[in-house]
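Next come two complexes, and both contain chain A; in the first it sits with chain B, in the second with chain C.
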Partner chain A sequence: MTIIKADMAGTVWKVLVQEGDIVEAGQDVVILESMKMEIPIATEVGGTVKRVIVAEGDFINSEADLVEIE
Partner chain B sequence: MFKKVLIANRGEIARRIIRTCKKLGIETVAVYSEADAESLHVKEATESYLIGKPPVAQSYLNMDAILEVAKQSGADAIHPGYGLLSENANFAKRVEEAGIVFIGPSSDVIRAMGSKIEARKTMEQAGVPIVQGVNNPISDVDEAVKIAENIGFPVMLKASAGGGGIGMQLVHTEEELRKAFEGNQKRAQSFFGDGTMFIEKYIDQPHHVEVQVLADKYGNVVPVFERECSIQRRNQKVVEEAPSPFISEETRQKMLDASVKAAKHIGYTNAGTIEFLVDSEQNFYFLEMNTRLQVEHPVTEEITGLDLVEQQLKISNGETLNVTRESLKRNGHAIEVRIYAEDPVRFFPSPGKITYLQLPEGDGIRHEIAVESGSEVTPFYDPMIGKLIVFGKTREEACVKLANTLRNYVIEGIKTNIPMLLGIVTHPQFIKGVTTTNFVEEYYLSK
Partner chain C sequence: MTNLSVENKHKAYEAAIKKGGKEKYHAKNKEQGKLFVRERLELLFDEGLLVEDGAFANVLSGDLPADGVVTGIGKIHGRTVCVMANDSTVKAGSWGAHTVEKIIRIQEMAEKLGVPILYLVDSAGARITDQIEMFPGRRGAGRIFYNQVRLSGKIPQICLLFGPSAAGGAYIPAFCDVVVMVEGNASMYLGSPRMAEMVIGEKVDLETMGGARMHCTISGCGDVLVKTEEEAIDYARRYISYFPDNFKIKPNIETPKVPANFEKTLDEIIPKNQNAAFNMYDLIDRIIDEGSFCEVKKLFAAEIITGLARINGQSVGIIANQPRVKGGVLFHDSADKAAKFISLCDAFHIPLIFLADVPGFMIGTQVEKLGIIRHGAKMIFAMSEATVPKISVIVRKAYGAGLYAMAGPAFEPDVCIALTGAQIAVMGPEAAVNAVYANKIADMPKEEQASFIENKRNEYREEIDIYKLASELIIDEVIEPNKLREALERRLDVYKSKQVDRVDKKHGVRPV
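Our next item is the complex of A and B:
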């Protein structure tokens, strides 16, 4: 099990995956918005999305949990 | 003069405006979002009012909230700074209708220059050279291809309502244009609420040179020399200087003449900037007009001794310009760099707490900065946290001073673009004055 974390503080702009989706390593799972920039967050591992922890519009801090991959 | 001015902005520019107001004995009203409660502009203003939540749509772009504070505080004028509502014609109009003075040109002029296609037409009528291209909106991609083939690739695809490089793309082939058209149109629609696109010929390795003008309400227009702002990354300016190291005195005078003609033709008042592209043969072409104070205005102040915010306030107050083209002298060379809270390698934003800040001081060193030790840089706004401006008797002296000052700039807790700035300003090509808009890609990123 791997938890994908945020690189930096920001707002969750888009969630690109749903629970049950199969993802590949390197695939973007969430796009954050920070300082007027869109920051894609990719998963480093492939697997199945077990849990989406954040919702679009949420404000999150750096190191916050975003998505759980199994 | 005004008794009380509301500043509808944040960060370094809000502090900059407050400073001139204090000098002139004018009281100031700050507005701020929940994220900026501890900001320096809030502490430095005579009065401060919370206007909403951190996202700009709920605070700094909330016209109702800002106008309400203006009425409640009894402000007799509003200074919009740059960005945010500064070029929003609807806001300017609402301020005018509320019987408050908008520090800037009339809402009609802002509207006319806000559409790049309209601005092209207007400038052509005024006899100002424009880049070869179309003066009508392009309806679909097939029409775009036809026009591009007529002009000849490569071409610049642009959004009429665009700004900050959004909705704009250089395309080399029909295939690239077909790929780019819809995406840029959508981006322009979502950012500016207007997806109108047009096409201009691409000028290879141009310089971006802009002319500052001041215009009072009595038809006097004074050009305040030029600024060279060619060093850009993703169409955002990074390093700006005055005078331009590139243009000849003959070109300078022609550009100043064209700028006066342009400002008079549209009935411009207040401080404004006319941006031009200059090709390798020193031909210049109108790009757009910024109907507000520019981020890089300090370099003009350094070489002329003018306080441009003071000039703006006096013009809006109905005073006659106290300078003329003949009386205005320039002296020395000034360079500004924009300090961003961002990773200098990956260019990712770097919000966080500034644990320690020590600004190098000295002759000819000026800081315009929004933060101090202990300040929190939040992820809600533009990553620019400040500007460093240096002045030297010559460009060489200014370059040396800038590099030394950047080396001694201590900022801890967040990452900044200072290593990148240092890489640029110490580059032999920069020192030589070879500054085209391709500089960052060609000389900095490729090394």
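Our next item is the complex of A and C:
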């Protein structure tokens, strides 16, 4: 199990995966919006999305949990 | 050995010295993928160690060959270089009285000769039994660090970390220009995991607390992470080629090469949408001599890229925002990383090229608590102080203090070039319209909001149009992206004779 975390503070702009989706390592799972920039967050591991922890529009801090991959 | 003839005695001593420590320690080294210190030196130098001093240190003790450190002089690419290299087969490379004296002497030699010094570190730290001789005095271990500071900026100082660098010894890498660490074997820490458990009750393993990967990705104490010792040595040989022997001379100019060939041009890889990410490495590859990029701190604060390269054979230092990582926003760690790199290049006459695509410094509570202003000040300080040729290129955008940190017009770059389509402003159009009209927009009927915002953004874009800034002499040149390499070649060539008088003072008060 791996938790994908935010690398900077910002707002969740788009959640690109749903629970049950199969993802590959390197695939973007969430796009944050921060400092007016789109910040894609990729999973470093492949697997199944077990849990989406954030919703679009949420403010999150750096290191916040975003998605759980199994 | 008292019964041997003089000749045989000498031969026996020599053999013992060349052999290093006990066989079991050599075997342990091999198991860990470590080379013997003399093998390392064979690989490092063109033709091995040419001169060795103090090899007979502690020879009478019998079990301390060379007192655990080899010091001497060899050649790299035909250039003279001094070296100190710990021997981990002798008391785990620990420092005894003569170890320290030998290190101090080779530092003094490097200063006299005006040549680079390499520190090949693999040492458990102080030899407690020798502490009175090696720790507190005028020529105790502290002198090594004092000398490093004295030599900093005079001659290149390079650290290759092959094993531990413990306690006080951890300051050798800390005072070097660059630190290469071998993953799995290299480590830096003030107190070992065992000590951490005893003294503060923390249970932790060495890799987590002070391993190479941790230092190269999180703490920033390591600059280059490599898998093998051979790779570390290759990096050092390559790195040194960008530098002069000392601060009084300029780096060598190598045979010029054209940039590598790519299907897509620079113009095609830069997205027109300011907010979309692109890979800055793709731009760098298109403007530098093929295969000439030698990156420093690749894994640390990757939102800024720092590396040595060549343009037309000439050494340059590149500082580039990376929109692919954290939007290219500047953070405390990225500012800190850039500050040291700028200072390194400036010390050794390496011109600086800033490639700006920066939305600004990060904001918010988290980074304010981390002192982002203080760290940002380091970068701006180092960049302002630099007197080497300074070229500022606005690739796509430079907003807010990001413009300042990336050698914007107020900081005496020799030129500020904008690529067509670049934007320079206090903030981007989205943020600006929001800042100025937030109340008005809120009071407006919902159906009118979108068109109002779009109109105002367009007005703002016209206001910050790059040709308007050029017509006001704020920027010096606007060029098409595909002409960037050529423009840099010409600029670097004509700026070669740049001279700047130093400000009359002792030194600035550096924000640290």
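Before moving on, here are some points about what is shown:
Keep in mind that, in the parts below, the second predicted complex is superposed on the first by the 70 of 70 C-alpha atoms of A that agree within 3 Å, B and C clash if a C-alpha of one lies under 4 Å from a C-alpha of the other, contacts with A are read in each partner's own complex, and residues count from 1 in each chain.
We take it that contacts are C-beta pairs under 8 Å (C-beta built on N, C-alpha and C of every residue); 3 or more make two chains touch, one makes a residue touch a chain.
From a predicted model like this one, the values you see are computed outputs, not experimental measurements.
By the touch criterion defined above, A:S34 lies against chain B and chain C together after alignment on the C-alpha atoms of chain A.
Of the two partner chains, neither chain B nor chain C is touched by A:V52.
In the superposition on chain A, no contact is made by A:A42 with either chain B or chain C. Contacts of A:T11 after superposition on the shared chain: chain B is touched, whereas chain C is not.
Touched by chain B in one complex and by chain C in the other are residues 7-9, 34-37, 39, 62 of chain A.
Only residues 275-277, 323, 325-329, 331, 359-360, 362-364, 366-367, 427-428, 430-431 of chain C touch chain A when the two sit together in their complex.
Across the complex, chain B meets chain A through its residues 55, 341-342, 348-352, 378-383. Put simply, chain A touches chain C in their complex at residues 7-9, 34-40, 61-62.
Residues 7-11, 33-37, 39, 62 of chain A touch chain B in their complex.
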